[in-house]
Amino acid sequence: MAAAAPQPTASAAPFDPAPAPRRPRRSLARRLPVEGLSLLAGSLLWEIAGRTMDLPWLPPLSMILADLVTLLGQESVRANIMASLQALVIGFAISLVFGLVVGALMGRFRSVEAALDIYVNALLVAPTIILIPVFFAIFGLGDGTRLSVVVVYAVFVIIINTMTAIKTVDPAMVEMARAFGASEAFIIRKVMIPASMPLVMAGVRLGLGRAVKGMITGEMLVTFVGLGALAARFGSQFDMSKVFAVSLIVLILAAVTNWLAQLVDDRLTRWAD
Amino acid sequence: MTDMTAVSTETQPPAPWPDDASLAAASHGGPMIELRGVSKEFLGDRSSTTTTHALDNISLTVNEHEFITVIGPSGCGKTTLLRIVAGLIPYDSGQVLVKGKPVTGPGPDRAVVFQSFALLPWATVLENVAFGLETRGIPRAEREEQARVLIKTVGLAGFESRLPRHLSGGMQQRVGLARALAVNPDILLMDEPFGAIDEQTRRIMQEELLRIWGYRRKTVLFVTHSMEEAVLLADRVILMSPRPGRVHEIIDVPLPRPRGRETERTREFTDIKELLWDKLRVMQTV
Amino acid sequence: MLVAFLTFWEVAARLAHNIGIATFSDTMVAAWDLMFGNGRIWEAMLNSNAALVLGFAISAVTAVPLGLAAGRSRILDRALSPYTAILLAIPVAPLVPIAITAFGLSLAARVSIVILFAVIFIYVNTRAGVRSVDQRLVEMAHAFGASERTIWTKVVIPSAVPAMFAGLRIGLGRALTGMVAVELLLVATGVGKLLLEYRDRLQPAYVFATVLFVIAEALLLLELARFIERKVAPWND
């Protein structure tokens, strides 16, 4: 625990977040780039362990990175990345439209909420992966399976957040707009939508993260294209370094898409933080 | 942020106190707000059968340029009364007339100032003040020009592009007041507008309100919990009693205007306040 | 409402003429068979759940203390934060082959995948729970001269319990996903094996029925978690 920190009187350390007088040791810890150091240490440890222990499932980090570069240089790999991206973009776009519309309807109309609530919640908490064989049985090896997997992974969290956002719009705001004679359409456009934006965007970002997971899982399970298929193939060849390299690509993809979503979020909800 | 409520008051144009003759010339004569035997019941939730008799047979006339304050114990229906006049909720029986016409909904002749300010948190001061004009479809350039004038009037010049959360409570309610004034209503409906503001700021806001009111002498219906406030601002104080909400008594406040802090030190002011307290304390159930 | 949904299912399935879609009535017959006919669902569930229980227990036992520690120590928190970010963002599915290489087609491999799925959410929520403890309460306890131990047991941990339980619930859902994921991907056993087998034999009613069993288990487990939470932390809700 905090014993790792250079603290002179560990026994007298008060509960950390308490408003105790600030002591110099904290400013030192604050200035150290702990995150970077920790990441560096972890990488080194991995490298050393990989080299010395010679375990098949733990290739040295340098080897993984080398494989990453090699893979990115290959035409076929790039084609697979594009195929994955395509499924991600289309699937996520469908989730977005569907999730926002259904969520908004559920938030606005009690009857719609009452009708759909249990299904949305059940599918939100149930392990979505179990549906993949079902989709495969229905759609076969086609794009229908890949897209529907992305959609079921992403859509429910978008629905739930949108619904909650609409339902929790401050009624005082709506009453205020009514008092100024605003029309229903005006209230939706100028009050409800902006007011629900932070929660909606949170749902969209969660949905995007889940879409990436759905994309890769679907590809691993049922198709022969995309990053997931690549990972599955290297896995069956026991080329663990390449499996890690593909995972790294997916991680980068997740980070980039999340960053993009964050940019949009920041633009739309700058007022809220 | 330091309290900005006192800023730039002195840079304001001096309040031109309209003489009664010029006001009478601008007046349309009849009563501005009329309530005739208005009753309102709230049905309980579907689960329970409890209904609240919020207003019972309320009759009340507010004349043009009059400043009316409404006071009474919590739950006696003050907010309900205000929301009915604003056209935000329907009433069960009786008649509510504004400028002689029955109220069927909100209208451009009335504007509301809310206790919770009800500012749009994503909109700047300028956008918030222009909101009422925006609902009326006034083009951006025009509404922003009008909004800027009102922002100056309430002493917020220089804060146009701030977001509400970067303002103190007093400043936020200045925005609420400017937003209401911007639509140039005949009637201002104010529900405990200074209830959520600290005592010092509230006193300044009261003086400001009196100053601004002096320009135009709009008709004001003002709900409050504070006896000083009720007497200081009003031409007449409506005293309401609870369960069911009724007009208990109407008390005239014949103190000279313009009023200010000196008014509170006068004997007459104290007398009216004490009279009000005597009547209110017998209603207080606790 | 349920009736409407089931009717819709039945009618849509009949109209669809898709070899992969089972009608509601066929699914119910299959479910009956799985329970009382061939009875295969019990063995499959038992088998699958061994990995779930072990994996979830290990996740909880490591993630909760780690989350509490990271909630307390800023340095530890910062040191772990890059790994937290990676684990939150990375899809676990591609890592399944790695677990298989490490542990073979064994229970250990399945358990390790369940842990990879579940552990991070429990950790993140526990940490957030400690972080969001009302500072006025901590201050109050300090003012009464409470020892740090007392503050932890009487203030910090009880306040963190709701967030912690939320994390455990999410972790449970994720653990179920992990359980099914390995079985579908590589270690054909338990419900995963059942699913793949019936899918390949083109018996969609059995696929649907198995799916319903897993969803039912998920909902039951979450309800159980809620029940325990109400017992442990009745002041919350």
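Note that the chains take the letters A, B and C in the order they are written out, and that residue 1 is the start of every chain.
Here is the rule we use: a residue touches a chain if its C-beta (ideal position, glycine included) is under 8 Å from a C-beta of that chain, and two chains touch if they have at least 3 such contacts.
Keep in mind that this is a model prediction, so the values were computed, not measured.
**Student:** Report the topology of the inter-chain touch graph, choosing from line, ring, star, complete and other.
**Tutor:** Topology of touching chains reads as a line.
**Student:** Pick the chain whose C-alpha centre of mass, unweighted, sits closest to the average of all protein C-alpha coordinates shown.
**Tutor:** Central chain: A.
**Student:** Farthest from chain A in C-alpha centre terms, which chain would that be?
**Tutor:** The most distant chain relative to chain A turns out to be B.
**Student:** Just the number, please: Cα centre separation of chain A and chain B in whole Å.
**Tutor:** Roughly 48 Å, centre to centre.
**Student:** Measuring from the mean C-alpha position of chain B to the mean C-alpha position of chain C, what distance in angstrom results?
**Tutor:** Those two chain centres are 55 Å apart.
**Student:** So how far apart, in whole Å, are chain A and chain C when each is placed at the average of its C-alpha atoms?
**Tutor:** Comparing mean C-alpha positions, chain C is 17 Å from chain A.
**Student:** What residues in chain A touch two or more of the other chains?
**Tutor:** none
**Student:** Which bits of chain A are touching chain B when the two form their complex?
**Tutor:** 170, 172-173, 175-183, 186, 190-191, 194-195, 197, 269, 271-272
**Student:** Could you pull out which chain A residues touch chain C in their complex?
**Tutor:** Touching chain C: residues 1-2, 4-5, 13-19, 26, 29, 34-35, 37-39, 42, 55-58, 114-115, 119, 122, 125-134, 136-140, 209, 212-213, 216-217, 220-221, 227-228, 231-232, 234-236, 238, 240, 243-244, 246-247, 250-251, 254-255, 258 of chain A.
**Student:** Using the touch definition from the top, list the residues of chain C that touch chain A in their complex.
**Tutor:** It is residues 1, 5, 18-21, 69, 72-76, 78-83, 86, 88-102, 131, 133, 135, 138-139, 142, 148, 151-152, 156, 169, 173, 176-177, 179-181, 184-186, 191, 195-196, 199, 202, 204, 207-208, 211, 214-215, 218-219, 222 of chain C that touch chain A.
**Student:** Going by the contact rule set out above, which residues of chain B touch chain A in the complex?
**Tutor:** Against chain A, the touching part of chain B is residues 86-88, 105-108, 110-112, 114, 116, 118, 120-123, 131-132, 134-136, 163, 165, 183.
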